[in-house]
Amino acid sequence: MINKKVTNVQEALVGVKNGMTFMLGGFGLCGIPENAISELVKLDIREVTCISNNAGVDDFGLGLLLQNKQIKKMISSYVGENDEFERQMLSGELEVELTPQGTLAEKCRAAQAGFPAFYTPAGYGTEVAEGKETRDFDGKMYVLEPAFKADFAFVKAWKGDAAGNLVFKGTSRNFNPNMCGAATITVAEVEELVPVGELDPNNVHVPGIFVQRIFQGKEYEKRIEQRTVRQKQ
Amino acid sequence: MINKKVTNVQEALVGVKNGMTFMLGGFGLCGIPENAISELVKLDIREVTCISNNAGVDDFGLGLLLQNKQIKKMISSYVGENDEFERQMLSGELEVELTPQGTLAEKCRAAQAGFPAFYTPAGYGTEVAEGKETRDFDGKMYVLEPAFKADFAFVKAWKGDAAGNLVFKGTSRNFNPNMCGAATITVAEVEELVPVGELDPNNVHVPGIFVQRIFQGKEYEKRIEQRTVRQKQ
Amino acid sequence: MALDKNGIAKRIAQEVQDGFYVNLGIGIPTLVANYVRNDIEVEFQSENGVLGMGPFPFEGEEDADIINAGKQTITTMPGASFFDSSMSFAMIRGKHVHLTILGAMEVSENGDIANWKIPGKMVKGMGGAMDLVASAENIIVAMMHTNKAGESKILKRCSLPLTGVGCVTKVVTNLAVLEVKNNAFHLLERAPGVSVEEIQNATEGTLIVEGEIPEMDV
Amino acid sequence: MALDKNGIAKRIAQEVQDGFYVNLGIGIPTLVANYVRNDIEVEFQSENGVLGMGPFPFEGEEDADIINAGKQTITTMPGASFFDSSMSFAMIRGKHVHLTILGAMEVSENGDIANWKIPGKMVKGMGGAMDLVASAENIIVAMMHTNKAGESKILKRCSLPLTGVGCVTKVVTNLAVLEVKNNAFHLLERAPGVSVEEIQNATEGTLIVEGEIPEMDV
């Protein structure tokens, strides 16, 4: 077994530099790499491009990097929950590339799987397709979208082992598996680092080959964005 | 929950016709839809195109359809274990399209996921790429491969439920998940049909949405092609 | 009387058929789940990675790791599954989801939809909407017929940046049910007590009215 | 003395480095696993869907559901995982597998390889080989230097249908270790007791011999 375990978030983030491109897993605040984000704030890494479906909220998740003006460019599909984001975008302080969510996921998966680009129908006829190659297949129009290129991918899993194998819980899976192996270095933080051999090989969601560094995360807040409940009757 | 359960293999194969294109899961004899294959032999469905990584062996798996001359065309990556196959191919009785294994898998996945075609480096510069569009991305050459189109996909899983959810064991997974939802109708046979709710939603390998019919298979032979062992010392 | 949001959701729920996999957008569409007949089999997909969504959890049983695309805490039904974003959009792009219900700022008579951006003012992003409208064969839009200033949102041509082109099959508003075909809105039903004239006045796009227009049964 | 198959496998095993994910083809390459130093960390991938392959099972412990790409029954090591074919080739195409070792019928001085078809005579198919050679950055070929008739298989140009172009980085035969670069085979090592002349005579492609050529340490 090839050992991917590192001691802590500091060791996991060795090599991050100003101006790099990062991928960050998560949907809303669900399944985001909380420890890596905190450390990026602490390290004050600047001028970064972030590929992430959302930009967190004003005071949590990627919102922390936005508040701190560390982000030069965001590549996301939805940013509706973040006032500071909208302010920076409308004022032009922040460069933003909005990408359909399925395209965002597949641009990650393409990078992971060695595909240079792919044709998707999403966005055809809209400003998302402007300047891009389009093409007819069987009478339907598609847009050519290139794979992402990133320096680091930061993902968060429920469980993992020193071999880098990952398992996710519920919808906190989202973009995390697609980003593993899609950047030069993939850093996985896990709620629980289990002994090697404990994960069922049939139910590993991300095989360790896609992960370069893994560490036991800590102090997960796992904030809920929209707490919706029903009453017991 | 949308119920996909059918009573038996006969009901599962309603609608199969001469001249259709079938996808069949499995690698070698591992994870092949044994019940569906037996029924296709019994129904004597002819002139079919089969998309399957291998063609079984002379007296098992797809080899049974070959012996019975039911197959017009095979689309496979490797056929080395089947004398009758090689004979029919070299004599011209059987049309054969040999496709790199990763391309075969992705042509299934593309059909499943709504991609019309994709660019892969596999086969560039070889006869596999003859007559196909090729293209340079970042200085490397790729071949454009279209998604498969098939009428039925026959897959075999370890466990499944009436919602169509599937779980696989070991390397019997192989092409089966990629073929689910890649044909008009996907028929899944399972070693064990478990009550709905028993499968862990986190560890469903194929969500039921990709499966139209599921049934409890029977009398699995699960033949081993190359029994290799070591001696206890 | 014009419908409220729940009324719109209730009417759209009638479009949901037995055996449908359905994707519900944020806002009014989310409410549709509450009104689907319970004698049919339906599964709700949420593009953040869940199939087989159930109702909201009981208080105290929320799980931060189990949410829908609106970031709301949810539960799952027996037979549910979780998956990654790439597989989620394989379901959508591959046309395995039968019906997409989403909100809009504007729709046009040729089936275009705009719902993600007001240049210079507001940008929320398209989320999964562009993927959904580009692939789904059955797209129902839930929306108000007019904006707060009383101006029609049912248009000849959308003025806002598009989410998708020629894709909307049906529109259910507070005033009417409209089918979109042959470059026109075809009036199918009126909200209870709302006249054809009221609908005509609130509709900027071409409105086709043929025969007697029944009231919605909501 | 020329190496036997195990000798070739033993020499190739020396190319396997700490931290490598390795894909082993059918035949001689499969034997490589037996000779990898056990003080380094290596994981074997098989393209039918397993990472972390272990040795063959003990008699009576074979599982029809757990095989390698050669259809042989295998075991797995702690930390192993199973996955589908699409993900397996994502590992290969995405360059996550560091080293590919495979057999060949012919290789040429520009790094082409042929190993899947003899027109009119034999067609086994390419299996995963075309994907592997099109993507891997480190491709070692294990083969006999000549065919049974004594004719060289280390050629200027391959005569058989190609599996991949310009991709082979190293060739280990029963006679020699050859590096493939700048349109030539560069002789790195000789099999024990085999002379440079013997290798030269068995090599049709351009052979570059620079300085003293050491014997392999096998």
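The letters A, B, C and D name the chains in turn, as written, and every chain counts its residues from 1.
We adopt the following convention: a contact is a pair of C-beta atoms (placed from the backbone, for glycine too) under 8 Å apart; a residue touches a chain by one contact, two chains touch by 3 or more.
Computed from a prediction, not measured in an experiment: that's the story for all the values here.
Common neighbours of chain B and chain C under the contact definition above: A.
Contact tally for A-D versus B-D: the pair with more C-beta pairs in contact is B-D. Taking each chain's centre as the mean of its CA atoms, D is the chain most distant from chain A. Our note on geometry: chain A versus chain B, Cα centroid distance of 33 Å, whole angstroms.
Separating the centre of chain A from that of chain D, both taken as means of CA atoms, is a distance of 36 Å.
Rounded to whole angstrom, the centroid-to-centroid distance between chain C and chain D, based on C-alpha atoms, equals 56 Å. One inter-chain figure worth recording: chain B and chain D are separated by 28 Å, centre to centre, where each centre is the mean of the chain's CA atoms. Multi-chain contact residues of chain C (touching two or more other chains) are listed as 50, 82-83, 86, 89, 92-93, 135.
Annotation for chain B: residues 109, 114-115, 120-121, 168-170, 201-202 touch two or more other chains.
Because contacts link the chains in a way that matches no line, ring, star or complete pattern, their graph is best described as other. A list of each chain pair in contact follows: A-B, A-C, A-D, B-C, B-D.
Listed in rising order, the residues of chain A touching chain B in the complex are 114-121, 137-138, 140, 142, 146, 167-170, 200-203. Residues 19-21, 41-43, 45, 50-52, 76-83, 86-87, 89-97, 135 of chain C are the ones that touch chain B when the two sit in their complex. The residues of chain B lying in touch with chain D in their complex are 27-31, 53, 76-81, 86, 89-90, 96, 98, 100-106, 108-109, 120-128, 158, 168-178, 205, 222-232. Within the complex, the chain D residues that touch chain B are 46-50, 55-74, 82-86, 88-89, 92-93, 112, 116-117, 120-131, 134-135, 161-166. Of all the residues in chain A, the ones that touch chain D in their complex are 1-3, 109, 111-115, 161-163, 165, 181, 196-197, 199, 201-202, 204, 207-210.
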